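You will see two complexes here that share subunit A, one where it goes with subunit B and one where it goes with subunit C.
For the complex of A and B:
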């Protein structure tokens, strides 16, 4: 156990079928809200989900007084300012956001600015600087199974001035309530369900093995990992099953609670860099890197892998494997899960097809070492270590 | 539909008390009511808190509580009057579990439109403006993460006052391991065992994700201690008690907790000791109430070689382990063994059972718990 740790999960989590229709309005009323600003992205809007949410709010007697339905994939300081202007102009008193990580991070940043009555987000860096400020009730509705953004105290926004991604940390970024409703991921393509679930799996596994773990975050990781191993293969077999999708949505939430109270590691550090160098999605990069980084960390994380192995296999299978082999087979199980789910549905390119080649290793490795997540990786990494991991991932050989 | 959360921020470890400075800054505290007991003067925590908050804008108003282990309604009212007098927006509780209970009850009163005990018991809370920070220094760690007051009672009136609501739970709990008393090996074992028992009991009827997470976390920590994987230290033992308490004491209709509370009113013993005396007699009957999956998790946590065991065998191994540890604990001559030695009389049994039965009717609790009540009722004083 570390010398000091914190665990904080004050967000009310409501999960279940029709939970938006049944609970959203009620929760808004409990929070004293009358005039809601709804924030979402263009795809979600096109799918009709924004209307679905707005109807649930209006039916409860609470009024939707404004919309911002054009949150881009990478929100900028200007986007935050624009949304704050709409909120103030329409005299709104609360926020409801639905979307993936980018939309939810945007809403969190908007809440931060409004709560401090600030002009823009530029001045609000530093965890220990921001105060509670004005209460801005906020409810978040995730529409993917991966980011856990609905439950974390972090928001990543692009600074327009230098095009760099900046991280904001504050208790103020937490919503009051998040609602996990399978309706929100009913139309999410199976490929996205699988890849975002791998993002959530990596949050849980890295949260469990990283240097900042604590006993409670460990338990949330275990819950997430066992749920993903149980339900991801099932959803591939039966993609429209709402119960399976809900289980994966919940798992993403559990892993969000875990890594939000511990940290991630090299999978995320390298995936962040690969994403910007190769212009590939974060969930895809993570799913491709996870087994190879775990293999690299084997020496330091053996005990953790051994413990996790218990939660990813049946008792019969567990009994068959001798103790010393369990860590290695655990890593094999992660790769196997990818092969039997992402591999099975097809249409997911290899890293080679996405443009990864040895000539890029040096750039990716150097930039990855500058990512904060590398600091909490269980095993120290140098440039050559990252290159070795990339080589393994490129060749898909454990 | 699932609904799970816990509003309390948990801060554990070296100099965790220092983080109160951030909490006070974040919530823009102007006046804080500090409720403390004598143990805080001895441990230096009162002085440390003064130093930590010396640079903040918060004015500190100290209230000393004399009585040991009794969170009386007289003290609650005294602190509530002081809260109003100094217009405090924060309550900081330093000391035992009783101090935390007083703080929670004061916060509950402050949350009522008309501050009365009746409104607190009915959970008529309409506002939540007061922030509550609990810093357990010398015991009562299992109370820390409990949402309401565990047991605020008037000893002479023999009345149990109890409430439990998320709205009055602490906003933060900070366990500063630098300030903790030196604890004897026996006391440490007692903490670990009571945590383990609370965790197991809460798993019997656990439907809520939070309960499961907290109880399994407590079991993880204790199994590390019992199997020699982790260092046996105060921090681990306290953490396990805190998480087990968060699981067990936040169960809404908790018949076992009610039983222990009623027993407390009849004697001057503490919660853990009563619980452990009960468990000592009944662990064999309690373990099979757990479902197979939970037994499997327990067996795994304690490192049993499950390749050759059936569910019944795991069950017996875990029961044996607990019994062995309980025997170690009760073999210390300073630990009162048996309910009669801690002041409970044969005549008390009927009153206790009646009170428990009045509090929870059969229709309100699961069959398992009903059986458990019968089990205790029929044999506890034998």
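For the complex of A and C:
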């Protein structure tokens, strides 16, 4: 039995239709904000979402004093410096960021730099390296249903000098409020909904099975997993349904709370490396690896899979399956969900098509072992184990 | 009384750990490979919360050196802080593995996690010399990898001096 655990989630969550229009201005006023810097990416800006958010803020009497709408897909130290400069130049007193993982991570890193009154983020790298500093009110608005970045205390930013991904972990990265509004993901392409939902699913499953799991994070994982299994197929059938999209946005939030208070495992350790070697999206890499890593971990996670199986099938189907088969069928259900939803959206490229080949296995395996997430994977992994998983993922054979 | 006992055990543990890491860096290719991921000049500190016990090592060129008590640097690049005085003794007697201690949140990491991974790998390799085969396999889910006979490692631990320059 574990000796003790920790759970921390001080973020206010507001969710629902029109929640931005109805609440954003009020929340900013409650935080004592008058001059906001809005941060987003070029695509979000083009879709008119930045204007939508700015209008909601201005209508409440709080002023938008600056914009940074060019956060790239792979955010960098220089981007953070540029945003901090704009914040200081315009005398802003708060941040509102809308976007996917990259934008939200960028905003979190900006908050960290500003709170410490630092020149740049380089000096703040690593885990828990900073104490509480200047209060910088921040509200995050996710526009994908995957990362959970709006509720986690980690930010991943590319170091421009050596092109490596650096992790920053601190309670100072957490926002004051996050708002889950289906308006933000109304126009998200179905392919992105599927892939980001699998990122969210992997957070939840890995959070449930990892070495740092605890009773509270487990409940959030279960909520997220059951919601994804229920609503992802529904969204694929009825893409314009706002309620279904909101459910997936919520599930991503629950997954974020779960893994933010437990950890992830080998899926993420390998996906991080695979992503930088093959230059593929994180959500794509994770969705491709998930069933194969779960299969590898079967020996150690049988009981966890058996428990999760209850939440992904109907009661009738659950009763029909004998206990000893439930873990394997659970892993099969994950693969089935991916194959079904991918099939219905016209297919997703294979890892082979994206450039994965056996010659790269050694490099990916060695770098994956340096990722902290490998420590909390339920089953110990060495280089050959990672290569075996990559082989399974390449051949798409469970 | 118990706490005093653990503090004494930790003091000796740090001494043996620093000698063990320097020895493994010299003789174990895999440990050297892991430490070579850490830039030269990086300071790493291991401490126990609420006690004066501290081990600070520095990776420089082709060595891992240990700071003397009176010459501790004011800041470090990576710090591993054990929250309980019993945590490190439990790892050393095989009651817990390093990973289990991490999962139980018995220690926290401040700094670059990649450097911490190199240190964890090296400590787990070092534990292969301290624990009986069966115990190691039970706690670490794999066989210990020994690049020298255990007696040779104990010889270094007991009779060699800490590498300080």
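The rule is short, and it goes like this: the second predicted complex is superposed on the first by the 391 of 398 C-alpha atoms of A that agree within 3 Å, B and C clash if a C-alpha of one lies under 4 Å from a C-alpha of the other, contacts with A are read in each partner's own complex, and residues count from 1 in each chain.
Just so we're on the same page, contacts are C-beta pairs under 8 Å (C-beta built on N, C-alpha and C of every residue); 3 or more make two chains touch, one makes a residue touch a chain.
Keep in mind that what you see is a predicted model, and the values were worked out from it rather than measured.
Q: Looking at the overlay, what does A:380 touch: subunit B (first), subunit C (second), both, or neither?
A: second
Q: Quick check for you: in the superposed arrangement, does A:4 touch first (subunit B), second (subunit C), both or neither?
A: both
Q: State whether A:216 touches subunit B only (first), subunit C only (second), both chains, or neither.
A: First partner only.
Q: Based on the superposed arrangement, let me know which partner A:126 touches: subunit B (first), subunit C (second), both, or neither?
A: The second partner, subunit C, only.
Q: Quick check for you: in the superposed arrangement, does A:167 touch first (subunit B), second (subunit C), both or neither?
A: The answer is second: A:167 touches subunit C but not subunit B.
Q: Applying the document's definition of touch, where does A:226 land relative to subunit B and subunit C: first, second, both, or neither?
A: neither
Q: Scan A:369 for contacts with subunit B and subunit C and give back first, second, both or neither.
A: Once the two structures are laid over each other on A, A:369 reaches subunit C alone.
Q: Return the residues of subunit A at which the contacts from subunit B and from subunit C coincide.
A: After superposing on chain A, subunit A residues 2-6, 128 contact both subunit B and subunit C.
Q: What residues of subunit B sit close enough to touch subunit A in their complex?
A: On the subunit B side, the touching residues are 1-16, 19, 22, 25-28, 209, 213-214, 216-217, 220-221, 230, 235-236, 239, 243, 296, 300, 306-307.
Q: Which residues of subunit A touch subunit C once you look at their complex with the stated criterion?
A: Going through subunit A, the ones touching subunit C are 2-6, 125-129, 167, 210-212, 369-372, 374-376, 379-380, 382.
Q: Considering the complex alone, what residue numbers of subunit A touch subunit B?
A: 1-16, 19, 22-23, 128, 130-132, 171, 214-216, 218-220, 222-223, 250, 310, 315, 318-319
Q: State the interface residues of subunit C toward subunit A in the complex, per the touch definition above.
A: 37, 77-78, 99-100, 102-106, 108-114, 116-118, 120-121, 140-142
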